[in-house]
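Working notes, structure below.
For reference, chains read A, B, C and D in written order, and residue numbers begin at 1 within each chain.
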Amino acid sequence: MTTTTVRAEPVEALRQAQGERFVFPIRVYWEDTDAGGIVFYANYLKFFERARTEWLRSLGLEQSRLREESGGMFIVSETSVRYLRPSRLDDELLVTAELESAGGASMTIAQQATLKGSRTLLCEGTIRICWVDTARLKPGRIPPIILQAINHTP
Amino acid sequence: MTTTTVRAEPVEALRQAQGERFVFPIRVYWEDTDAGGIVFYANYLKFFERARTEWLRSLGLEQSRLREESGGMFIVSETSVRYLRPSRLDDELLVTAELESAGGASMTIAQQATLKGSRTLLCEGTIRICWVDTARLKPGRIPPIILQAINHTP
Amino acid sequence: MTTTTVRAEPVEALRQAQGERFVFPIRVYWEDTDAGGIVFYANYLKFFERARTEWLRSLGLEQSRLREESGGMFIVSETSVRYLRPSRLDDELLVTAELESAGGASMTIAQQATLKGSRTLLCEGTIRICWVDTARLKPGRIPPIILQAINHTP
Amino acid sequence: MTTTTVRAEPVEALRQAQGERFVFPIRVYWEDTDAGGIVFYANYLKFFERARTEWLRSLGLEQSRLREESGGMFIVSETSVRYLRPSRLDDELLVTAELESAGGASMTIAQQATLKGSRTLLCEGTIRICWVDTARLKPGRIPPIILQAINHTP
C-alpha cells in the first residue's frame, strides 16, 4: 500500500520580502474549542506561538537546534492579548508575527489572528520573550546569530 | 470492593471574610509542563480560570447554572499576564482571584500564582470578562444577581 | 503593509486514489511537549483527530457543516493507542487515517504517526467514533451521505 | 491584606486500607470541554494521569523526586479507553487508580471516572507505564523501592 501526503512542505523556510509580515495559516479543530462553542481563549497563545516558531524557522532559527548549540532558549515573560471576535470549529485563521522591538535580552513580537476570507480581526496581542540558559533558566543576552537573523528581516 | 475518597469536598462554598482574597490550590501535573522542564506559560491562564471559577462558585455563582437560567455567560475579552518565575512538576501553587473593577457589561479580575511554602510570586495578571448571550455571543449587561453576589463580597 | 501567506491552501480536498492512505503532516510545537522533553502522549489523540478531520474533509465531509445540516455529530467512543517511540520539539510527523470498519452507527479508524524522513513508527492506534444527535447526544445511525462518501473511498 | 486557603491539603498521603481503591476528585472546567458541550475525550487521559500521580504520591512516590534520585521516570506506553457517558462543565468526577499488574519493567493501571453523586460510569480504561532512564529514554527495570511501595498496597 502506497502512501500520499496531501500537501507538500507545510512551511517553507523563507525570508519575508520588504514590507511583508509573516503569516501562518491555522485550522480550528475540536481540541481548540470549548463548551461555549468557540475557540478557548487560552488557545490563541498556542496559535501565536506556532506562528512565532514558524517565523523564527523562516529566518533560519530552529529552536531545538539553537538550544543544543547555544545551551539557551527563549521563554515567554509577558503576554497581553485582546479577544475581539470568536472563531469556531473548522474556521481557517491567518496568524501573523512581526517584530515590535528587540533589546539585548528580550524581544517583543506583535501578533494578530484574522479569519481567512473575511479578514475579520479575531485576536491581537504582544508577546515578550526572553533568552535564558536552559539549565538554570537564568536570563542572558540573546546570541548575536539570532539578532542578526532578525535584524536582517526587512 | 469499597471505595474511598482521599479528600473531602475539594472546595467548600464560602464567602470570604473581610480583607481576604480568594485562594485556590493547584498542583502541577505532567500535562501542565513543556520540554523546557517548566509549566507552559499558556497554562497559567487555565490555572487562573480554575481559581476564578471557584471564586464565583464560592459566591453562589455556578457558571453552568447561570447559563441555563439566564441564557448568558462570561467570555474572556482581555488578558494581561507577566511570568516571573518558573514552576515545575509536582509543585503546589496558590492561585488568587480578586475583583479589580466591575462595570455594567464587564469585570476585571486581578490574579496571582505563588509557590506554596516559599510564597514566591510566579505569575500575575488581570483578566477582563464580558457578559454575552450564549446563542449569539452578543455583549449584554451582567445580570443583577451576579453583581449583587460580587458586590456583597467584602 | 502587504501580507504574505507562507504556504498555499493547507489541505486541498481530494479523494484518495486506490491503494493510498490519507496522510496529514503535523509539526511538533512547545505546546505538545512535556517536562520529559518529548510529546505528551495524550496529544497524539489530538494529532490523530486532526488527521481524521482532514481525511473526512478530503471526502467532502466538513463536521461543522454536517452538524448544522443533520443535527448530528461524531463523538469518540473508544481509543486504543500504543506509544512506541518518542518525538520531540520541531519534529515533523506524518499522521495517517484509514477506515478499518464501518457499521450503521459507528466506524473504526486505524491511525499511525511516523517521523517524517526516517519513517520511524512513533504511535499507532484505533479510534472508534459514533454518530449522535447533537442536542441529546443519543446514538443514531450515520447519515447515508457520510457512508456513501466513505465507501466511495477506494 | 490577609490570605485564606479555601481547602486544606488537597491530598493527604495515605496508604489505602484493604479492599479500597484510590479515588481522586476532579472538577470539570471550561478548559476541559469542547464545542460538543462535553468534556473532550482526550482530556480523560489527563484526569487519569492526575489520579495515577496522586495514587503514587499517596504511596510515598513523588515522580519529580524519583527522577532526581534515580535518573529514571515512567512513560506511558499503551492506553485503552472506553468513553461511555459524557460529562459537562462544573461536573464533579471521581477518578480511580488501581494496580492491575506489575512486571519488572512496566505496570498496568486500571482507571475509571464516575460522576460524583449518581456514580454513573463515564469512562474507563487501562494505562500501561514503563520505566525508562530520563536521559536516553531507554527502558529499564522499575526500581525496587517503587515495586515495594506498590506491592505493600493491600
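One rule holds for everything that comes next: contacts are C-beta pairs under 8 Å (C-beta built on N, C-alpha and C of every residue); 3 or more make two chains touch, one makes a residue touch a chain.
Small disclaimer: the values here were computed from a predicted structure and weren't measured.
**Student:** Once the Cα atoms of subunit C and subunit D are superposed, what angle does the rotation have, between 0 and 180 degrees and to the nearest 5?
**Tutor:** To map subunit C onto subunit D, rotate by about 180 degrees.
**Student:** So, comparing C-alpha centroids, which chain is the farthest one from subunit C?
**Tutor:** Chain centre farthest from subunit C's centre: B.
**Student:** For the interfaces A-C and A-B, which has the higher count of C-beta pairs in contact?
**Tutor:** Contact tally favours A-C.
**Student:** Centroid of subunit A to centroid of subunit B, CA atoms only: how many Å?
**Tutor:** That gives a centre separation of 27 Å.
**Student:** Taking each chain's centre as its mean C-alpha position, how far apart are subunit A and subunit D in Å?
**Tutor:** Their C-alpha centroids are separated by 33 Å.
**Student:** Let me have the rounded angstrom distance from the C-alpha centre of subunit A over to the C-alpha centre of subunit C, please.
**Tutor:** Centre-to-centre distance between subunit A and subunit C: 24 Å.
**Student:** At which residue positions does subunit B touch at least two other chains?
**Tutor:** 30-31, 36, 38, 42, 46, 49, 88-89
**Student:** Could you list, by residue number, the parts of subunit C that touch subunit D in their complex?
**Tutor:** Going through subunit C, the ones touching subunit D are 36, 38, 41-43, 45-46, 49, 73, 75-84, 86, 134, 137.
**Student:** Under the stated contact criterion, what part of subunit B meets subunit C in this complex?
**Tutor:** 30-31, 33-38, 40, 42, 88-89
**Student:** Going by the contact rule set out above, which residues of subunit C touch subunit A in the complex?
**Tutor:** 1-7, 9-12, 14, 16-17, 19-25, 27, 29-31, 46, 49-50, 53-54, 57-58, 62-65, 88-90, 92, 94, 96
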